[in-house]
Structures are given as C-alpha cells and as structure tokens.
Amino acid sequence: MQVLAVGAHPDDVELGCGATLLRHVARGDAVTILVMTAGQRGRVDGMSRQVEQEEAATQLGVDLRWGGFRDGSVPDGPEAITVIDEAVAATGAEILYTHAAHDTHQDHRATATASVAAARRLPTVLQFETPSTQNFEPTIYVDVAETLGAKLGALRSHLSQVLRQGPVDLEAVEAQARFRGSQGRIRYAEGFEAARLGWDLASPAAAMAPALAFATSG
Amino acid sequence: MQVLAVGAHPDDVELGCGATLLRHVARGDAVTILVMTAGQRGRVDGMSRQVEQEEAATQLGVDLRWGGFRDGSVPDGPEAITVIDEAVAATGAEILYTHAAHDTHQDHRATATASVAAARRLPTVLQFETPSTQNFEPTIYVDVAETLGAKLGALRSHLSQVLRQGPVDLEAVEAQARFRGSQGRIRYAEGFEAARLGWDLASPAAAMAPALAFATSG
Amino acid sequence: MQVLAVGAHPDDVELGCGATLLRHVARGDAVTILVMTAGQRGRVDGMSRQVEQEEAATQLGVDLRWGGFRDGSVPDGPEAITVIDEAVAATGAEILYTHAAHDTHQDHRATATASVAAARRLPTVLQFETPSTQNFEPTIYVDVAETLGAKLGALRSHLSQVLRQGPVDLEAVEAQARFRGSQGRIRYAEGFEAARLGWDLASPAAAMAPALAFATSG
Amino acid sequence: MQVLAVGAHPDDVELGCGATLLRHVARGDAVTILVMTAGQRGRVDGMSRQVEQEEAATQLGVDLRWGGFRDGSVPDGPEAITVIDEAVAATGAEILYTHAAHDTHQDHRATATASVAAARRLPTVLQFETPSTQNFEPTIYVDVAETLGAKLGALRSHLSQVLRQGPVDLEAVEAQARFRGSQGRIRYAEGFEAARLGWDLASPAAAMAPALAFATSG
Amino acid sequence: MQVLAVGAHPDDVELGCGATLLRHVARGDAVTILVMTAGQRGRVDGMSRQVEQEEAATQLGVDLRWGGFRDGSVPDGPEAITVIDEAVAATGAEILYTHAAHDTHQDHRATATASVAAARRLPTVLQFETPSTQNFEPTIYVDVAETLGAKLGALRSHLSQVLRQGPVDLEAVEAQARFRGSQGRIRYAEGFEAARLGWDLASPAAAMAPALAFATSG
Amino acid sequence: MQVLAVGAHPDDVELGCGATLLRHVARGDAVTILVMTAGQRGRVDGMSRQVEQEEAATQLGVDLRWGGFRDGSVPDGPEAITVIDEAVAATGAEILYTHAAHDTHQDHRATATASVAAARRLPTVLQFETPSTQNFEPTIYVDVAETLGAKLGALRSHLSQVLRQGPVDLEAVEAQARFRGSQGRIRYAEGFEAARLGWDLASPAAAMAPALAFATSG
C-alpha cells in the first residue's frame, strides 16, 4: 500500500504519526513524507533543519519530498494543493496523513486544509496532533508499543528542536503516547481524527490470496 | 475475528450494519447479533417479529442472541450492561457494532449507552445510524457494493416492517447507501461513527505469514 | 420576496439549492444567482462553463450575476464581500443562500465566509451542501418533490460536469434528495443549515389581508 | 395550522415560547399547550400553580392539557411519549415546540426527549430555552416586538414564581428577548434550535389562492 | 472558601481532581468530598472500599460524606439531587467539582447530571475526567506540580483498585498529568471542563486587606 | 499582573471585555490594549476613530498600542503574529483577551487567530464576543455589576459608532450583560470562552504570606 504523510515543518510528521509510519514500513507499505517548508524560522545556531529531516527520514525508512514553501507562510490554496496533488499522483497514495484541522499554528492549519483538499478522491485521510493542536478528539488508535522507541530516535535527529528549551519535549511525547494508549485500551498509541477512513474488510483474505496461489504452485 | 452487533429491535442491526456484517462473514469472521427486545410494539397482524429476525439471521449467516427486554423499555444500566457483557464474553468479540448515541428512539439510545459501557475494554466500537438517528457524522466507511443486495434481502425477512406504510423503506435504505458511498468516495457504503477504532496495521503481514510459510514448505 | 443565492462555480448553486430556488420562483419570488468564478479550472474540451451557467439560469427562471474572480482563488475578504454587498443591494435580497461553512474546497469556504459577512444585516441566511461539504447537519428542509426533476434538468445544462467521469453524478444527487427527504419526514428534500432564519409567522395572514380587502370591496 | 407546545412545569412554555405562541394565535393558528406536571415542588404559600397556569393559558388564548406526572419525576420513556402522542393526535399538530435538549433540569430534559420521540413524524420540531438551558445556539428567530408585553403579562399570572426572589425574573426575560433580537437582526426575538423545520415555501401563494378566487368571484 | 467534590465511587474524586483539592487545602480552603456509592461492585478479596476511601480522605485532609446509593445504580433525579443539595447546604460550597458529562460509566454520568442540577445556583462548577470519560476538552488547568505526588499517594490508599490488573493505573495517571500540563503550558496539570467558572478578579486585594489590617495593628 | 487585550478595530475591546478590564485596573493590574486597525472603513463624517479610541483608553485607565493594519485587511499570519508577539513581550502579559474564533467579521477572525498563535506560551487566553460573533458558548463569567456603567461610558467615547443607526447599540450591550449575568448566576457579567485558563489556586495565600510575615514581625 502507498502512504503519504504531509507536515508543515521538519519534525511535524514524526511528532504526529512517526510511530504509525514505522508500522506501515514494517508491513511493507511504501511511505513518503512531504514537508512543506524547510523550517527556517526554527533554526538554531545555524543547524540545518533540512539535514536533520533527511536524517530522520532515513531512520524511518521513508522517502522524503519538499514542498518548497516559506516557513510561516504556507498557503492553503491552489499553490499548496498543486504541490500535494503532485505528491499524491507521484506516489499513488491511497492513505494520507496530515495535521489536524484545529491548530493554533497557521502553517499547520494551512497544510491540513490544502492536504484535505488535495486528497479529495482518497478514501482514507487521517489527521494527527502536535503540541499546538486544539480540541483534538481522536477516534482512531494505532498500537505503537513496538515503534515508539524508534519514533523518539527519529525525533532526536531534529537536534535543533530537542535541545534544552527547544519546542520538542520527548518526555511529553512519551506521556502523550501513554495517555492516548489508555484511551485506545492499549498501552501506547498514536491517536488520529478521521476525515474519513475507508475500512477495508477484505484485506486479510485479499492479502492471503496471492500467497496461497504461490503456495499452490509451490 | 469475533464480531458482535447489538440492536434494540428486530431489523435494527440489519438496517444499521447488515451489509458490513456480510463483509465480515465473507472474510471468515464469526458474527453474532444480539437483539435486546422482541419488538412486540411493532407487531403487525400477529406476525412474529422473532421469527422474522431468526430468518434474517439465517440469511446473513450470523448467530442470534436475544436480550429479553420489553420493547419500549430497554434499560441503559446494569441490567442491560450485564446481558451485553455476557454476549461479549461468550463470543470473545473484539469488535462491537451498536446504535449511534444520538437517536430519538429511547430504546436505541439505551442500547447504545449500555453497549458502549459493556465494551469498555474492546479496542473497536462502531456506531451505526437508523432512521431515527440525529446529528450523525460518519467517518468510517465500509464498501458494501457487493453485499447491499443481500442486506435488502435480509430486511425483506422483516415482512411486518417493510409492508406498505411500514417503518422500513427499502428505497430510502438504498438511497442512503448511495449517499454514504459518495461521502466515502466509493459507490455504496455503510457509514459509522467510531467510539474508537483500533486500526490494525499488522493484519496483512500477519495474514500472509502462515501462507508464506506454507508456500515455502511447498 | 427577493432571494439571492451565491455559489463559487457554475453548477454549485444548482447542486446545493436548485430545487428550492424553483420553489421560490413558483411562488413568485424574484431570484438572482451570483457565481463567483467562471469555473475555468473545470473546463472540459473547450466547453464554456459560462454558457452552461447561462443556460441553466434560463431554465431555472432566475437572474444571473458574475463575481469575476479567478477559479481556485476566490478571496474571502473585502474584495469578495464588496461584490456580494453589491448583489444584496442591487437585488434587495432578504434571503441569502450560500455554501456551508465546512467544505474541503477552498473556493466554497471563501464564498461562504464572504457571503455570511456580506449578509450581516439579513435576517435569513441558509447554507447548502455540495459533494465536498463536510460535517453537514441540516435542520431546515424544503420539500422538492415537484421541482427535483427540473433541478436535474438544470444540472444537465452543465454538460461539461455531468459527462461520464465528471464531478457531478446525477444519480447521487437524486439519492441525496431522497435521503434528506427521509430525514425531513417527507419524500424528497433539500436540506440546509441555518446561519439564522427569521421565521415569518405573520406571512399567511398578511398575504391574505389585502386579498380579502379586495374581495370585500369586490 | 395546529400548534402544540410541551413544557415540564407551569410557566415553562410561556418562558420559552410564549410570545411566539401569541404570534401563532394572532394569525389564526390553533394552539394547545401540554404541561407535564402541576409543579408541586415549586409551590409557594399554598398558591395553586395549576390555577396560575389556567389563567396564563386564558390570557394567551390557547388550549391547555395536563400530562399528570409528578414534579421532579417526569419520565422520558413510553409513559410520557404516550401522553404526548395523544396530544399530537388529538390536536392534529403539525408544529411542536418543546424544551431544548441540553438543560440542567431533569424534568426539562425528559420532556424534551419524550416530545422529540413523540414528534417522530412531524416535519417541524423547535426547541426553546429556559434559565436552566445550557449550550443553547438558536438559529431560528421569531420577531416578538408586538407580543413581548403580553408574554410578560402571561408570566405574571404565575404569581408564585415571579414574586421577589422567585425563580422567574421578568427583567432577565426582557433582556434575553433583546439579546436574541440583536442576534436575529431584529429588535426583540425568541430564539429556537430546530430539531427540524419543514420550511413551507408554498404558503403565501397557497394562502392567497382562495382569497383571490373569492375576490375574482366578488 | 468552601469546596465540594462529588464522585460516584471511592477513588473517582482522587483520580479526577485529587491534586487540585490538595491545592485548595494548602491555601486554607475547606474541602469536602461526597462519594455517592460505596463501590461494592469493585470490591476485591473482601477489602473494604469504604475504609480505603476514609484513609484517602485523611491523607488529602478533606471531610468525607457518603451518598448511600447502590454501586451501578446511582440515580440522576430528585433522590440524588436532594443528597447533593444537602451537601451543598451543609458545607456552604461555592465551588463544586464533579464528573464530566460524557462518560461511558452510567454512575459517572448520573453523578454529573445530578451534581450540575444541584449546583444550579453556584457560580463555579468544574468537571473532571476519569478513564471512562469521552470527548473531554479541558479549558481550565490547575498546576499540580507540587501535589501530584500526594495525589498518587492518596490513590494508593485505594489498594483494591491499584493492585496488578486493577482498574487504576498510576503510571497512566502520571502520564495524563504530564500531557494535560503540556496542553496548559505548564509541567503537570489537572484539566477541567467548566460548566461555568465565576472568575473572581477581586480576590488578591480582598485577601490582602485583612492581613494588612492585622499587620498594621501588630 | 500584566494584561493584554487585542481587538481588531477601535471599540472592539471595550465591547468585548471593557468592564472586565476595569476590574483588572481596579485590582492594580497593568492593562494594555492593542488595536489592530484604525477603523478607517467605519469612519463617519470625518470623525477620527483613533482619537475616540485614545479617549476611551484614557477613560478605562489602560495603555494603548496600535497594530497599524488596514481596516478590512487584518492578516492572520506572521505579519500580525509578530506585532502581537511584540506587544506580549513589551508588556510581559500573562493574560491575553481577544476576539472569539467564530465571528462573521474577517478582521475579528484574523485578530483572534493571530492572537491565539502569538499567545502560544501564555497560560491564560480568553475570548470575547461582539455583535458579529457566532456560536458563542461562554463558560467564564466576570462580575461586572460595578464596572458596567463605566464600560458604557467608554463606549460613548466612540461617538461615531454609537450615534443613531450606528453599529454599537448601548441598550443591546446592557441587555447582553444582564443575559450573560443570568447565565453566570449573577446580575451583570461579561462572558468568555477559554482557549485555556490557568487557574491560580495559590493566589490568596501567596498574597497573604508577605503581609502575615510583616505582621508577625510587627
């Protein structure tokens, strides 16, 4: 399956759905992340947030695309929609992850708005939380007990953000996973709001079909 | 996988999620429906709604349990929760379907309330609509193009309800599936609100594992 | 009574409230539609969406105004508000119809935002759904049993949109009317969210008064 | 037109929609109010709240029915629904007014729940606010500039409630009408939430038709 | 200031607002907790949940009242309201804490409903979350960095609930405080929804006045 | 304590929270208001709205800052956020008041959006209503019985707005305060929605501590 995750800045995708993307990777899905800006405004001491993001993508085992917009000024209209449209087309994505609709950061809101517009024909669009999200009421939970550690590792690649007093607090990230897990009746979870989720009740049988055919020919 | 669907009266489960249950049956899941009342108040000309429900369950290929409550007086407290608890335990259900929370029919509301309470430890609880549901905003869509016909067939077993001027209007049921389908970016769908959905990203791989092992040994 | 309906692109007004406008026309109200863009981005094979819209307006029996904005870039601020203000003033509208607030298409959202701002002094502002609307919870229902056929006819004027694989699916439009009808306790309906509805309890008596006076003097 | 308004206690209907009922009366509609309890718990110094309610009904020019339930214990299930069903049938009501769904007083909530259930086939169900209503977001406004005075007069019939320190504060009632009016873009209004409103776009023409016919034959 | 916290079962108040009550105690407020049932259904191996609750109340430094209702059957009507009314009157409470409105446990919902009804004249009513709460969107945050440890200590008094596999998971409680803290822009917080909060902008000056007078007379 | 109130146009802050700011002033807090535009579009007969605002600020006893944006075109992105950031930094504000999120006036919405973004680290952000606010559900109430008169006085400084037929209706402002008061269980109130409120339970004790120490040493 093809998966696309769209975030506003370096680290947003990892924060919101990093451990879930690692589950996709583990099951053999092809995952691409699209980062709308290079995060220039959050730069610290000349560290390159682009390099940090490239390193994190490598750790996650996902492809990386850049939106090329200016940090603080992500548009939510045709310019941004076109960029995401192209990423959907290039990857053949069936599932799209993006920011939640209610977020006090305007780049996050604009990214969410443009992504949902670009995903107009996709059956599954899930929206994740970041520290600036408001009124987030997740209903979809993904078990991340096995991938939370690697998510925290990928976040550490964003060194400029996790340094003392930086905006990313790994302890809070872990507490959040534990809290969302208790809501989802499991231990650690990432939670999502669904713009819509096409729930594929055929998958196990479908997945088995080719394998069985292969077995039969064995 | 074990699936439990809880409805207030004969025909409620078929109306709300009949075509989805047929998808579960088709992929080999074990499905049980629990009907809280025998629908005495909706009886027409001495037709037995229990017999109608039994026939519909046979058509769907699901097991049938009765809650034994009085039509119009389904409780939402410990008495009802215990009955549903027993059904969850007896079936080993991991997924529970029930009425939506906002519904003008009190038996529907009570069934929803007691079901969600009884499902306190289940990772997946989905809620369906009926004609008396209000403010329903589905986010989960199941493709029912292949099972809608059989759903309508099962509804026809509830003869007392689908006769001229009866409360179930098959034409409206089909229009609803078409409308929910267009919302879910497919042709025909049943839509659900999620109290919570534990989204199992491991399933395809897990399903394939034994098959591949078998193939390897072939 | 003067009625103004504001849509983003050719066909939006017909999709959202075409059958209701036909009810207004039938009762003698003067109806104007304002289309914010000429729908250039949705053009197919050189067909003119402007000509299509003019033909549809003629079929509906309504006046047509153009907003003159670029497809994909409808503003939601003073520029757009001024255009709608002028339409309100020129028509003397007391009732305004426009897009719902929650819609994944940005032109729809911008049109809704600007229309509600421009309607700041009107007692009645109703908002309609289109295929890209989200979280729509109608509370106002208009019986369209007698005008649904003519609505579908007007939509067929938008030939570029209803061709095979086009964005407008007439079958889905009819299913929606049937579904909204069942929610509104009638057969076919268009549903609306109300920003506000000034419910005129004086109208029948007021309408009859002059007639009766005339009769008496007859 | 036949109108039914259902309130939990003496004075609730007057508080919530008294001035609107006076508009109905003025246009020739037949109005009935159904009061579920006699308000025994709110009695002061042996004053009869039943007599007060009878006097208020006379002032309003409406018929009065009693539900016969115990103050503080209005049921929301079949017992209450049956009583309201009977009132709907006896009056032939097409429009039903009742309490809003969110109200901290349980008799109000139960009355709202049972009324909405009983109104399952009516096209128009409007819900009003009282001082214990929460999260009320009216979208329907009725102009009560001409009837607010008479509403306050009818409330004064409930002498036990408007005495100093009583629960009904006429000054607050008037402030509320002014505030709801400013929301509805008029001077004084009663505001309503709509469970659903069947908006009759045929009425003026229909109302005029017989009169014109009569005039023509004059 | 007088504070009343109402919970359904032993441990609910500690879970929901234990650390906040400790802040009240620390500033000299008189705090009473009212526990509606003795929690018989949650008993383990004959341990007395009443004794556990008494011990926890002692640790918190608060007074304890019992509602005397049966576990699983807390009423939400006049019987429960009367008990809470009496607690409000006896303590002179100006602030009331209780369960959130949306909770899958019916005793929690009933306690919330009855408490909000009983608090009809209080200016401040805050509602807390427990593990069975749904759709909780806190807006009021209390800094509990200094009292979280003592809250966990009080929860440990409920030995029957915190044993291995018990319903109270102290690790999850701490994670929740950390997560709510990050939402409230502090380190550790308890979050509340406000039915209403009368925000007293006079307090600092008022509080200082007598102290200064005393100082002057020193 | 340092308080910052941000409004779009001259008079918005007074309308929304003028009486509350007067409570802050009365208790010794330092209050600054930031007005994003000079309100050019609302000018009447050459009256200067800037002079009116300066006079109102003087009456309120607060400092005044100007945002310098064009009336009708307040941005909601980095340009506006920077201006508000500077005001937060310059005043050391711990509490920020601004417009509610749902408002039909785009300058109000933009001001709210930018203010909430700029307040990303503040523990308390409260949002007020104006006549164009929609769906406002206040939960925080401030008693303004003693300052409502002075608020109306400050509004009268905005002479161009309160003249006959002007947009500000002082009678409606007073009715609103009375209505919000009855919701908040007091006589006159301003109501607020809380983005978040850090409720400081330490203040009285903290305030008293130095005084007591001084007394002890007396």
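Here the chain labels run A, B, C, D, E and F in written order, and each chain numbers its own residues starting at 1.
What we mean here is this: a contact is a pair of C-beta atoms (placed from the backbone, for glycine too) under 8 Å apart; a residue touches a chain by one contact, two chains touch by 3 or more.
Bear in mind that the values here come from a model prediction, so they are computed numbers and not experimental data.
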{"item": "Other chains in touch with both chain D and chain E", "value": "B, F"}
{"item": "Whole-Å gap separating chain B and chain F, where each centre is the average of the chain's CA atoms", "value": "51"}
{"item": "CA centroid of chain B to CA centroid of chain E, Å", "value": "38"}
{"item": "Computed distance of Cα centres, chain F from chain E, in Å", "value": "32"}
{"item": "Touching two or more other chains - residue numbers and ranges from chain E", "value": "195"}
{"item": "Graph class of chain-chain contacts, one of line, ring, star, complete, other", "value": "other"}
{"item": "All pairs of touching chains, each written as two labels joined by a dash", "value": "A-B, A-C, A-E, A-F, B-C, B-D, B-E, C-D, C-F, D-E, D-F, E-F"}
{"item": "Chain F - residues contacting chain D, complex", "value": "131, 135, 137, 169, 171-172, 174-176, 178-179, 181-182"}
{"item": "Chain E contact footprint on chain B (complex, rising order)", "value": "76-78, 81, 113, 116-117, 120, 195"}
{"item": "Chain F partner contacts - residues on chain E that touch it in the complex", "value": "20, 23-24, 26-28, 121-123, 139-143, 183-186, 193-205, 207-208, 211-212, 214-218"}
{"item": "For the chain F and chain C complex, residues of the former touching the latter", "value": "72-73, 104-106, 132, 134"}
